[in-house]
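Letters are used for the chains, namely A, B, C and D, taken in the order the chains are written, and counting of residues starts over at 1 for each.
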């Protein structure tokens, strides 16, 4: 019984955080790209455009959902929600931290707890396979959308994306298989745990550093394939604006359109989390607590808070006088929370995990701001003629060395 | 240890390189590969010679078991003794010279790399043949050189005559190889092994009839390979091939394989007197026969070809009268001067822009002096003028023949005279008098005349310095040398006489030949047309076989019986199928229904069988 | 079934025979599709359905005998199915390209 | 607990399977088939074959069916036309199918009386480790042979499906 309750609580919590993240990821993306291109980015709605996502959501919900004629209604409507569904399933098995224990509560005579639970929704011991399965199912959403729209652009987009995702799933799987050889387990938590500890006392035993064969290559291959899996630039041919007028979701509007965006960002987050768990040691800090890795988080928040206060005291824009100090206070609060001993063992793993995921997401956005788009034949040729062989070779070498040294 | 395998392996590597990549390689590279591979194997032979004290210490190396069935096994064995050593030296030494010569001679030919690939392959097989430690391996080499000879005769495959000559050589050799293989079977049956040493050790104990049969069959093989009566017809046509090929394969090495094989099998032959007698007679007959034909030919290469045939006859004569070592001696010297003759002829043809008819040559003395002097050495050597190479070996054979049967000696001596005559006839027609050809003849490049000089030196001194009977005295009884001045005088005298007549007829009194020819009109035409042997064979053997197989085998057996059976089966099955096709509606879903019904029936049957119901 | 059986079910889980029955039903459905559908792609999918049904019984047997072999058979069936799908769809493509129809009743070249 | 799971997913599977047959449009059939496969994967999990369950989704639902959908879209196969000439199938098909079903169920019950019960978690032989161990020891040869088979299939598919170059 309590299992159900705890799960429900975690579910609600994660769903809320995750959805907010998705909404704000868009804001972050716009901001980052803007600054890369030396623009302001969204800055009207709320301080620094912080309310922009909210506004977008409201706009998308209240917009009229156009249902084009001659479409296959069922699939036309089913496709976006299928996509979102698949994207959200994956999140449910991502562990993002160690265990948390809620001390026993005494209400009257009856005591509840203490409850100890892992920081994840479900611990599947074939988790990584499940991730692969879900990502392979993700194709349907896009392909169906493209086909059901009854529009040649969207059909081409759909076909392209299914071909692209099928092609890039092989290097992706192979790149995932390589670190698994070292880890010896398929459970995501288990994989993350095998990367705990340090070599020579300070080099983290993450997969990308791990002996006998550092998985840096498979990490790179994984990231490239991930770009293709999530249809991001430079592999966003399914929605190539200038040739396919936004590809498979050209016919979609309002909530259905938003669903595809949610799916895309959710997939990004999933992929980055998987990359973190597989290659970057999950929630293992970059250097040992002995050398004060626990103090880095409070330090960062304290400094940022200080900066905010400083800028609030002598503001560049009028409303900074109000907003920035507020942020500063919030940051100070976070810093204090991070430094508060009882919460440290709970928050530190989450901090490190989110830091790594955030960094990878930043890389995604950064590349989108930087690189041009591939041509379709280049894309396929790259997948089959270069990426796949390299991934295969990497897997072979890894297997050989693992067999040799273990 | 001694790495004997390296000797044939080197040319084989050359063959692989040139054969596979030759198309892309430059001529320089091809030359380097082809020549170096052979020269290296020659050097390795020399090293082996020093290591084995020139064969006095026999080397036997077994590399792997090739065939094994029951207690009968054939290994890939190479072995070296004195005989092998001599052959190795001849093959690789002359082979190297001819390779060098070819680089100059073939310089402007099509399929350059193909030529050298074949040549290297030939070297490989020839060396395998010589090194073989058992009959089967020898047979491998035997067939291999046959193949290469076929390929190289037909090298100019755009010329119909060349391809025909190739086929002819191949087919005629098949007859000989048939005999050889029969001989091998007999040996397996009677000796239970093919290795030389056990066979020869056991040979004396065997009944004479068996040995005679084996020896005669071996002789058939040898006759095919070494162009003896009645299988000599392919060799003259083989001159369609490039001249270096004629020199290497059809004069120096391959055609002497028969002699080598008979000598190698001496242990068998010596215990089969009848076979020996046959060998001697065939050899003598061939010698005379070919020599007479040689008189009348005008194609310079044909002349030398017939002289080759007759010299081979000499060798067989020597083998037949028991003077094996003399035969080998003559084989060696003949390799020297006949190779020289052919290369010289090649040089002449080169000089005359491909002209081969001697009537359009003459007066080359001025244009190609080196060729002339070297050819002169060769001609004197073949005519048995002392102290050149030919004299010693030929004299040894004749002496042995005299002890065997005087009449054979006289015939042989006469043949020697004829030989001298027609060789010098060719020489005078080519070099003296006035140039009657077209274009401006010129001396050949150094890459061509250098080998000529080397061979000339060998033709002069080779016979005296390499006294084969002494070298081989361990293996074969050294024929005691009765200082019979009469024989010596005769064998020298006929040679000189022949030269003198040739000089008179073709230099002093040049219209005499025509009158002689008209005087012996019918005889002359007979000889000029090579006794119509080819025509006779054609009428007697080829035509009947073609006719017979066309009528009986083709129309009768194949079309009648076999096709009848096949078609009958076809008709029957078509009839049955006509009935069955009614079931085949061609509709997949009907088929599926049948399948389902069938599975239901199967389940029912199984259930009933298991007593489920 | 009387309540005791129901209770037993709740405690012990699912009888293997139920799994087998399910697989039989699925298989029969596949057969039906094969028999009554005309679109060659649908027919092909019905074949896949039958394969899946058989896989289910394999897994059930594996569980029954506590052996992994049955699951391996399923694995091999999957591999074969993948190969079959690749080739089969390629054939369908060619057929469609040549005859421009997907109706198996019209694809009866074997007949004459 | 897992009785309900079984009933639920068996129900879904059957519904989807019937849907595969009844749907007029290939795409609909294909997606129903995906549903069948998904629910079967859950049943595999119940039977303790977790690796095979995942493989089922990845290979079948994720690769093979995607291929089907792909081809259907490529050929733009519409709802099928209803012209049939197989009287045999029309007449004998249904009874034959029912007979087969009946026989199969009969044998299923007869060969496995209530003795065998499948409870979630009392057979853990289906982990990736177990499967891999068996696959690379006892079943190594079949495994390698399947790889050859796949290769042949790839080549065959390419040869068949490529455009003839005029």
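What we mean here is this: contacts are C-beta pairs under 8 Å (C-beta built on N, C-alpha and C of every residue); 3 or more make two chains touch, one makes a residue touch a chain.
Just so it is clear, the model here is predicted, and its values are computed rather than measured.
Between B-C and C-D, more contacting C-beta pairs join the chains of C-D.
Of all chains, the one whose Cα centroid sits at the greatest distance from that of chain A is B. We define each chain's centre as the mean of its Cα atoms; on that basis chain A and chain C are separated by 37 Å. Averaged C-alpha coordinates put the centre of chain A at 82 Å from the centre of chain B.
Centre to centre, using the average C-alpha position, chain B and chain C are separated by 71 Å.
Mean C-alpha positions place chain C and chain D at a centre distance of 5 Å.
Residue positions of chain D with contacts to 2 or more other chains are 51, 55, 63, 67, 74, 84-86, 89, 93, 96-97, 100, 104. Residue positions 585, 587, 589, 592-593, 596 of chain B are each in touch with at least two other chains. Shared interface positions of chain C, i.e. residues touching 2 or more other chains, are given as 31, 35-36, 38, 105. A complete list of chain pairs in contact reads A-D, B-C, B-D, C-D. Residues 584-589, 592-593, 596 of chain B touch chain C in their complex. The residues of chain D lying in touch with chain C in their complex are 2-3, 6, 10, 13-14, 17-18, 20-21, 26, 29-30, 33, 36-37, 40, 43-44, 46-49, 51-52, 55-56, 59-60, 63-64, 67-68, 71-72, 74-75, 77, 80-86, 89, 93-94, 96-98, 100-101, 104-105, 108-109, 112-114, 116-120, 123, 125-126, 130-131, 134-135, 138-139, 142, 146, 149-150, 152-154, 156-158, 160-161.
The residues of chain C lying in touch with chain B in their complex are 31, 34-36, 38, 43, 104-105, 107-112. Of all residues in chain D, those touching chain B in their complex are 84-86, 88-89, 92-93, 96-97, 99-100, 103-104, 106-107, 110. Only residues 9-10, 12-22, 24-33, 35-39, 41-42, 44-46, 48-49, 52, 55-56, 59-60, 62-64, 66-69, 71-72, 74-76, 78-87, 89-94, 96, 102-103, 105-106 of chain C touch chain D when the two sit together in their complex.
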